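Both complexes shown next keep chain A, but they swap its partner, so chain B is in the first and chain C is in the second.
Let's turn to the complex of A and B:
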C-alpha cells in the first residue's frame, strides 16, 4: 500500500506540472489534456508494465485515443477530392482501416513513452475549430513541437490532424494516398492499407 | 587559413556588440542583459563564475514551468489563416500545388533504397554499438559540441535574413556555451537563459529572397534535399569553420562521427516513419517538404 502511494508521488508531481499550464475550462486544451493524462496514467502504471497486461494496456490506450480522435474527419481530409467519389460503404470501410492504421501508429508512439514531459504552450480557438500546441521534452534534451488541430462536435473537441514539427499527418497521408491512386486505383490503395493494418507488409 | 579564422572571430565579436545595441535600441529586455554586458562577456570571466551569474539571472526571470508566454505568442501569430480558412478546407485544397516537383523520381527512389539499406546495414548497427559504449548523457554533450561548432552557419543565415534577434541569440549562445558550457558540451544558454538554438541555414536565406525549392533530390549518404537547400548546404560548408581547420579526410571522419552520434540519439524514428507509411518514399519526400516549409515560415 505504502509502496503504491510512493509511486503515486512522482506521478502526481508530474501531473501538477502539466496542470499548472494554461487552463481554460472546457477548451480544446482541456480535452487534449484529459486524454493525454489518461494515456500517461496507463503507460506509467507499474501494474500495467508486465507482459500479460500488454493486451489490456493496449486496449485502454486504444479506447482513450478512440474517444479523442475523429477518424471520419481525418479520413475525409486525407482522401480530399477522392472522398466524394466513394460510396457510403466504401467510406465506412476506409474510416475503419485508416483509423486502425493511425491508432496503431499512435499506439506505438505512446507505448514507447519513457518519461517525456508534456507542456501545453499555446491554444487558439476560432469558432468550432481549435489548435492546441504542445511541447514534448524528451530525456535526450530535444524538444518536439506538436500541434493538435481540433473540431468541436457537440461540445467535445475532437482531433482531426496532428502536426509534428510542422509536418501534418493528414497532409502526409494525403500525398501518399494520392500518389498511389494516380498510379493505380482506389482498390489498390485499400489493398495496401489492409495489408499494412494486418501487419502483412 | 589562420587569418580567415581570426577575421571570422573578430567579425563575430563585432557582430555581437552590434546586436546588443540592437536589443538596447528596441528596448527589449532579455534575461541577463545589463549595461556593458558585451564587454563583460568578451573579457575573460571564469567559466563557473559566468555560469552562476547567468543561472541567477535566468532564474529571476524564469516563467512558470509549464507556460511559456513567448511560445504562446508565436503559436498564435503563426496560424493566422489555418483556423479562419478551415470552414471546409479539404474541399478546395489543390493537392498538387503544395508539393515539391520530383522529375528525378526514378533516380531518387533508387537512392532512397540505397540510403535505406545504408541505414539498416551500416549506420544503425554502428550507432547501436556506439550507444552501448558511450552513455546517453555523453552523446547529448557531443551533439551539443558539434552544434555549437557550426554556429557561424546559423549566424550568417540569420544576418542575411535580417533576423537580428535570432543573430543575437546565436552569438550570445556561442559565447555562453563555449565558456560556461565547457566548449559547447553543455547547452547552458538553453537551460539557463531559455535561448534555444536558432535553426537557420542558407537554404532558408534563399527562400527568404524568394527563391523556390526547385526539384526534390534524394542524395546518397546525405538524404532528402530540395535543389535550393542542397545548394544552401554546399554553401554552408564554406562558412563552417571546421572546413578551414581540418583537412578533407579527417573532416569526413569527424562528420561521420557526428552523424553516428546523432543517429544513436534517434534510433527508431526512421523505423516508425517507415512503419506508418504506405509509401515511405512519398512520406519522406512530403515530410521533408513540410518540415522545410515550416522552418522557412518561422
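Let's turn to the complex of A and C:
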C-alpha cells in the first residue's frame, strides 16, 4: 500500500498551482514556489507536448530542478557515513549518478501532470534550515502532504530532502545504499546505480 | 541461644529477600537509580504514534538507548532520548518512529548521517520521520479510489 502511494505520489512532487489566499510570502516558500511555477509552465505548455520536444522538455525540467535542489548535500546525506571515505572524483560521479537516478524515477511522473492543485500550507524557518509544507490535491480530491526541507546557502534556499506523507527520500535511499554497501561494496552500488540509470526498467 | 540463631537466620533471610525484590523492581521497571549515564538529545515528531518513555532507541537494529520523556510541545511530540556517551549522533542523522512488526510496540530508529558536526548533549535531531499511520494510509488509498 505504501509502495503504491510512493509511486503515485512523486507524480505530484514538484507541481504547483498557485491558489490565492493560501500563499505565504517570502523565504523558503517563495523559492519553492518559483521553481514549481517554472516547472508547471514547462509541463503545461502545449508547444512542449509533442514527442519531438520530449528531450527539450526534459532538459528544461531538469534545469529548473537543478536550480532548487542541492544535489551535493542530498548525495552527502544519502551516502551518510560512507561519504567521507570517497575521493573527490567518486563524490562527483555519485552526485551525477544520484541526480540521474532521481530524474529517471520522477521525470515521467512530473511530465504526466494533469492539473493537480498545490497549496502552500506552512513554513518553518529555524536558522539556516527551513521546512515548506505543501499539500497536493489530486483530481480525485486525495490530499498528499509533501514537506520540502531546505537549507539556506548564500541567501538562497536549496532543497536537501523531501518527505512525502512522512516518508523521507533521503532516509529511504540512505538505508538502501547502506545495506548494499554493507553487504558488498561501494563499487557494487555504483554498478547498480549505473545499470538503473542506463537501463530501461 | 538456639532460639536467637533461628531469629537471626530469619531476619537475614528477610533482608536478602527485600534486597532481591528491590533489585528486581528496579530492573524490571527499567529505572535508573544512580543517575543517568550518557546524554540527552531531543527530536520533534508530528506524530509519536504512542511512543512511551522507556521505549528503545536503536541504530542498525542494536538497542543503544531509551526514550526518556515524551511531551507535547506546540502541538507536536517532543521526544527526549537518552544515549550513552560513546554513541555519537551526527547533525544530519534521521530519527524515525517505527513499529515492531505490524502492530507491535513503537521504538525510535536513528539512521546515522555523514556530517562532521555532531549533536551536542541537549541538542536536537533536525530530521525526523513520524510514525506511519496505517489506518490513514489505507483510508487515503480507499477513498482515493472512488
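We take it that the second predicted complex is superposed on the first by the 175 of 201 C-alpha atoms of A that agree within 3 Å, B and C clash if a C-alpha of one lies under 4 Å from a C-alpha of the other, contacts with A are read in each partner's own complex, and residues count from 1 in each chain.
Here is the rule we go by: a residue touches a chain if its C-beta (ideal position, glycine included) is under 8 Å from a C-beta of that chain, and two chains touch if they have at least 3 such contacts.
Computed from a predicted model, the values in this text were never measured in an experiment.
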Practice item. Determine, for the superposed arrangement built on chain A, whether chain B and chain C clash or fit. Key: clash
Practice item. Applying the touch criterion given at the start, work out whether A:50 contacts chain B, chain C, both or neither, answering first, second, both or neither. Key: neither
Exercise for review: Scan A:101 for contacts with chain B and chain C and give back first, second, both or neither.
Suggested key: first
Review point. If you stack the two complexes on chain A, which partner ends up touching A:184: first (chain B), second (chain C), both, or neither?
Key: neither
Practice item. Based on the superposed arrangement, let me know which partner A:171 touches: chain B (first), chain C (second), both, or neither? Key: both
Exercise for review: Pick one for A:76: touches chain B only (first), chain C only (second), both, or neither.
Suggested key: both
**Study point:** Comparison of chain B and chain C by chain A residues contacted
**Key:** B
Review point. Does the superposition put A:140 against chain B (first), chain C (second), both, or neither?
Key: both
Point to revise | 184-192, 220-228, 238-246 or 274-282: stretch of chain B that collides with chain C | key: 220-228
Exercise for review: Could you list which residues of chain A make contact with chain B in one structure and with chain C in the other?
Suggested key: 76-77, 80-81, 83, 126, 129, 140, 142-143, 149, 163, 165-168, 171, 174-175, 178
Check your understanding: Taking the complex as given, what residues does chain A use to touch chain C?
Key -> 1-2, 4-5, 76-77, 79-84, 126, 129, 138, 140, 142-143, 149, 161, 163, 165-168, 170-171, 174-175, 178
Review point. If you look only at chain C, which of its residues touch chain A in the complex?
Key: 46-47, 90, 92, 94, 96, 111-115, 126-127, 129-130, 132, 134, 137-138, 140-141, 143-146
Exercise for review: State the interface residues of chain B toward chain A in the complex, per the touch definition above.
Suggested key: 64-68, 71-72, 74-76, 79, 82-84, 86, 89-90, 93, 95, 98-99, 136, 140, 187, 196, 265, 268, 272, 275-279, 282-283, 285-287, 290-291, 293-295, 297
Study note, to complete from the structure: chain A residues touching chain B in their complex are 17-22, 76-77, 80-81, 83, 101, 105, 108-109, 112, 119-127, 129-131, 133, 135, 139-143, 147, 149, 163, 165-168, 171-180, 189, 192-193, 196
